[in-house]
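In the two assemblies presented below, subunit A is common to both, partnered first by subunit B and then by subunit C.
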Partner chain A sequence: MGSYLARQLSQLFITLFGIITVTFFMVRMIPGDPAQYMLGDYATDEALATLRAQMGLDKPVVVQYMMYMARAVTGDLGDSVITGRSALSEILQSLPDSTILAFAGLAIAVVIGVPMGIITAMRQGTWADTLIMLVALAGISFPVFWLGLASILLFSQELKWFPALGSSSGQGFWNAVYYLTLPALVLGVSVAAYVTRLTRSAMLEIIGQDYIRVARAMGVPERVIVWRLAFKNALIPILAIVGVTFAYSLGSAILIEVVFSRPGVGSTILKAVSARDYQLVQAGVLILAVGVVVVNTLLDLTYALVDPRMRKR
Partner chain B sequence: MRQFRHPGFLVGFIILAFMTLVAVAAPVIAPYSPLHTDLANTLAGPSATHLLGTDQFGRDILSRLIFGTSISLKVALSVMALSLTLGMTIGAMAGFLGGWIERITVSVIDILLAFPGFLLALALVAARGSSLESVILAVSLAFTPRVAAVMRAVVLTIAPRPYIEASHALGMTRWRILIFHVIPNSLPPVIVVATVGAATAILGEAGLSFLGLGVQPPTPTWGNVIADGQTFLESNPLISLSAGFCIALMVIALNLLGDGLRDTLDPQMRKTSNAKMM
Partner chain C sequence: MANDGFKVRLSRRQFTAAAVTTAATLSMGLSRLVQAQEAKTLRIRISSDIGNLDPAKIFQIENQSVATHIYNGMAKYDEATNKIVPDLANAWEVSDGGKVYTFTLREGVMWHKDYGAFTSDDVKFSFERVLDPKTGSSYAGQLSSIASIETPAPNKVVITLKAANSGFLHKMAAFNQGWIVSRKALADIGEEKYRLNPIGTGPFIFDRWTPGQEVRLVANTAYFGGAPKVQSIVFRLIRDETASAIALENGEVDIFFGLQQPEVIARLKGSANVTVLDRPANHTINLVLNTEVKPLDDVRVRQAIMFAINRDALIKGFFKDTKRAAFNVLTPSFPEYTEDVPHYNYDPEKARALLKQAGHTSFPLDLITPAAAPYDKIIVPIANDLMNVGIQASIKTLERGAFLQARGKGNIPTSITGVVGAPDPDSPILSLYSRSAFPPGLNTAHYAQIEDLIAQASAAPDEAARKVAYAAILKKTMTDVPVIPLYADNLYIAHTKKVQGFVQNSLFTVNGASVSLG
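Moving on, here comes the complex of A and B:
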């Protein structure tokens, strides 16, 4: 287990290094002078010179990269051009809101999607399978922001069950939950459609294997086959599915935040984009990617706990 | 083609053929110009003259949706072409050449896959400026690692097959084997991923346009129309709702096509193509 952990951690380290590198090259995609782009046409020469010096724009790209890397590993991702505060603290401030939304959505997606995937796989070819898979197809095909707008229309404006916008109207845990419910449900249902499709194919793969056919031939009850033989072995692919969909949920959470006017990393990044505050965009993208990698590493470690065979790989 | 006996594939194909027709014939079938404003008739409800009503500038929604079809198709096709070319080349090289080239490529792909695809596209568009070309480039680059990952996995399953060994034994060069044997045989699963890519591209373009970062108004795109309608969601829900249905219809068609191809082309690839979806 110790060497497995060490291998996972060194892999994590390389990936983090790569993520910082990618965000460095994002700035290279800006045509022309990045400093001019960020500060706008009315920037003073002094301000331009300061930012250029800070980013090392007058030096060769390799030196710029070294400078960026050296600053990034100490947590210095530059300052927001608009607020003047450190970009990292701006992003970290809005991170809890996005994390709560993404995890709530993912939890709803797993609670709906995994049982649906198992049911459709076990009842392959029946009307229940066809119906659920058609709903899942619609779920992955409607844009998540459109689902948000449609649900605001139905549940907030027509039925008046939930507030349409914002993250809370006062103090207290239940108030926050009340405001979170609709956005989390929309995100959850959208992601659940993916989870259903992926779980179904993972389960189908397993129930097609020889040991399941042998168990069937031996007359093992269907309940035991599904839960004890098939589901247990499907846990690893299902955990992998959760990992794959986590990045997707974070991407969708950006759009959900905008539709429901909730604070969060997505809203912060979008505001930064329209203000051309590119260091803030860069910091936001970096932090979210790091979040995806950390969650996936934790999942990898969970595999090892669930299945001893994984530690040997 | 046996694909046409697959009901899902057939439905998807018919919807896409219909949408292509709409896109090509847009100037003929649209009742108005998508840019024609009528300030005396803004935010009108559905009527005989404006089947889906008008927006805040009095532009006909139906006409804007009809003209928006070609933008979505353009994005889908371009993203498919770009990400397939790049992704297949990178994935095939990694899988076929092996060694340190493969190790580095796999690390880079893993790193790029850590970024939520939509976020990566958003950051690229923010850097390059908002235009149709930027959107296509951004979504293509965000999807390329997925194609490359699938292509490499497929090439790894093809490389040890007897006919490849036979080609080696016959003295064919590695490049010849790669181009004439490995790539053609890897096409079926990659085509399935391509349909997922096209669906992702349409949703990505819609999302970016919805945020105001995609194709700029007054050019009509489905994402733009949803964004326009958001302000008037309560009074004129039809604007946003109808545009969303257009997007969903095209994405459903692409997914049906992809599922149909997956079921008929290569049943063994079911898992790989599924797991690589965004």
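Moving on, here comes the complex of A and C:
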């Protein structure tokens, strides 16, 4: 177990190193000058030069990269050029909003998607299967921002059940629930489509196995076959699915944040990209990547809990 | 299995019904609870997040809208009439042939958050800070006519100018460089942190900023102009206009600032509970032509472009009459406005003839525009009009950061540029036509033919002489057409019927200080 954890951690670091490097060079490839963005149209050449020097933008990109890496290993990801505050704390401040949305969406997706996946797998070829898979196909095909806008039109404008805005500064748990429901539902439904399809194929693979056929031939009740024999074994691929969809739901959460005017890492990164706020973009992408890697590592560890065979590998 | 299925289907239907009812009741209960919390708060929609509230470096309408509530200037524009009226200064005298301005300051004005009393020293500090090259203020040029600032008493400021400047009070008005900051606050908070921890003397005090969500201000009950009628103002960030319209109709926001899309304007005009206001803005949207590149250096080519663009069709077709015709770079909200300039009605025949005369019947032309609505859209019919007369127009859409950089360098053939700001004619005229605004600056036309006229306007002894001088400038610039005014902007703001006493200004900012919630 110890070496397993060590291996996972070393992989985590390699992944992070790659992500930092790629984002570093990628954001610098976008045309546009952060100094000009900050100072606006009336900026003088001297003011621009001073600011560029302050931000270290006058040095060659490779030197900037070395300096950035040297600071990054100490946990210093630089200051945001928009706000002048530490980029890391800026992102961490908006992280809870994104995580809550992503987890709420994921939870809804699992609650909808896993049973649907099982139903369609067990009733393969029936009208229920066809219908659910059509709906799931629609769910995957409709972009999440479209679903968001459509649900605002339906639930906020027509039915007036939920607010058009996905957040407020009001305090209290119920206040948060009231504003979170619609964005979380939209995210959940869109991600559920994925979960359904993936669960269905995982279940289909399992029920095609010989031992299931034997159990059927022996007259084992269908309920036992589904839950005890098939589902339990399908749990590993389903867990893997949840890991993959977590990354997907974080990605969708970014779009949802913009549609529902919610704060979060997504809207922060969006703003940072358009302002050429390099440090903030890097910090944001890094934190999101860490989130995805950490969740997947945790899921890997739970495989070991669910399936004793995984521990030895 | 079949039996099971039937049972499941029945209970599923019941479950759905129960779930829908619960959701509806829950949402109504919750919405009541939530609305109770937000009484006495004025909520204003903004379309873009804030980033800098330091008057020396402030730009963008969202920052300026927030700052309007926090700061005062020596003088201010009356929101309704655009007249310059007293603000922190009670009165002023002009002496020495228009070179010396003596301001008498209002007494007993206190800075927000216990930063003490406002004095003449703060005024001196504010303006000298903007002028100091170390500050890197974009507005140093606005105050460049100042020779010295003296403070003979805590309530007296004497500003001596290098030469008489008939437009000087505009520079002292509460906007950008005109906003007064506290010396003590800047020293305490520090330059870096100050931009999001502003300290002013205005009707509202900066409370907190939640990035990506909102800016919250609380009422300054000790405000010298009287305590505001609402307890707080929240600037709520909502990017999408349709979502903003729904939020307004649902009462989730009270004022919809930055209303632009013709369809959304039409929709809100039909809403029972919403009032839609509009007012001519202080700016036009222009196509700036670089007069140093061939063949745009030929005035006939520039005039041909002017004749070739069907600006009326743009206003009627694209904007559905939500914008107005522009005859020069000023709009009717300026006292110096006149339409007594050369007019260029759509005439492709004339355009072709002029191009033929100039010997440039066909040439490539890049149209540079920011990737922002509506500019990236209106450029398409414009390019089409130009192609119609033989110009091979191609559209180059640049994302904001890249656009600012390209325009800052100034070596672009054309540029879509508007000068948003105060009703100070120097603001568009100097920015677009003066040598002082050569890149860096907005004069990507590289135009320098009216320097003497600008000097004359500045030295004009009275209002009448000023009007004559600016009329000459407008006439000359519309003959040379380095800048093509495409349309005069018209500002739309919508609010719910709950909002009372709101005055829309022409500055492209929103000011909710006078509002009460019924």
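One rule holds for everything that comes next: the second predicted complex is superposed on the first by the 272 of 313 C-alpha atoms of A that agree within 3 Å, B and C clash if a C-alpha of one lies under 4 Å from a C-alpha of the other, contacts with A are read in each partner's own complex, and residues count from 1 in each chain.
The rule we apply is simple: a residue touches a chain if its C-beta (ideal position, glycine included) is under 8 Å from a C-beta of that chain, and two chains touch if they have at least 3 such contacts.
On a predicted model such as this, the values are computed, not experimentally measured, just so you know.
Student: Can A:212 be said to touch subunit B (first), subunit C (second), both, or neither?
Tutor: After superposition on chain A, A:212 lies in contact with neither partner.
Student: Counting only touches as set out at the top, which of subunit B and subunit C does A:304 meet: first, second, both, neither?
Tutor: Once the two structures are laid over each other on A, A:304 reaches no partner at all.
Student: Considering only the touch criterion stated at the top, classify A:107 as touching first (subunit B), second (subunit C), both, or neither.
Tutor: Neither: A:107 stays clear of subunit B and subunit C.
Student: By the touch definition at the top of the document, which applies to A:150: first (subunit B), second (subunit C), both, or neither?
Tutor: It touches subunit B, and subunit C stays clear.
Student: Which holds for A:177: it touches subunit B only (first), subunit C only (second), both, or neither?
Tutor: After superposing on A, A:177 lies in contact with subunit C but is clear of subunit B.
Student: Output check: A:31 vs subunit B and subunit C. Expected answer is one of first, second, both, neither. What do you get?
Tutor: In the superposition, A:31 touches subunit B and subunit C alike.
Student: Using the touch definition from the top, say if A:83 reaches subunit B (first), subunit C (second), both or neither.
Tutor: It touches subunit C, and subunit B stays clear.
Student: Which partner does A:263 contact after superposing on A: first (subunit B), second (subunit C), both, neither?
Tutor: Touch partner of A:263: subunit C, not subunit B.
Student: Could you list which residues of subunit A make contact with subunit B in one structure and with subunit C in the other?
Tutor: The overlap between the subunit B and subunit C interfaces on subunit A comprises residues 30-31, 149, 152-153, 157, 258-259, 274.
Student: Would you pull the subunit A residues touching subunit B in the complex into a rising list?
Tutor: 14-15, 18-19, 21-22, 26-27, 29-31, 137-138, 140-146, 149-150, 152-153, 157, 194, 197-198, 201-202, 204-205, 240-241, 244, 247-248, 250-252, 254-255, 258-259, 269-270, 273-274, 278, 281-282, 285, 288-289, 292-293, 296
Student: Quick one: which bits of subunit C touch subunit A in the complex? Just the residue numbers, please.
Tutor: 1, 23-24, 27-28, 30-31, 33-34, 37-38, 49, 51-52, 57, 59-60, 133, 136, 138-141, 192-193, 195-196, 210-214, 216, 234, 236-240, 242-243, 246-247, 249-250, 252-253, 398-402, 404-405, 407-408, 437, 440-442
Student: Within the complex, which stretch of subunit B touches subunit A?
Tutor: Its residues touching subunit A are 107-108, 110-120, 122-124, 126-129, 199, 203, 206-207, 210-213, 223, 226, 230, 233-234, 237, 240-241, 243-244, 247-249, 251-252, 255-256, 270-271, 274-275, 277-278.
Student: So in the complex, which bits of subunit A are touching subunit C?
Tutor: Result: residues 30-34, 36-48, 50-51, 82-85, 90, 93-94, 97, 149, 152-153, 156-157, 159-165, 167-171, 174-175, 177-179, 181, 222, 257-264, 267-268, 271, 274-276 of subunit A touch subunit C.
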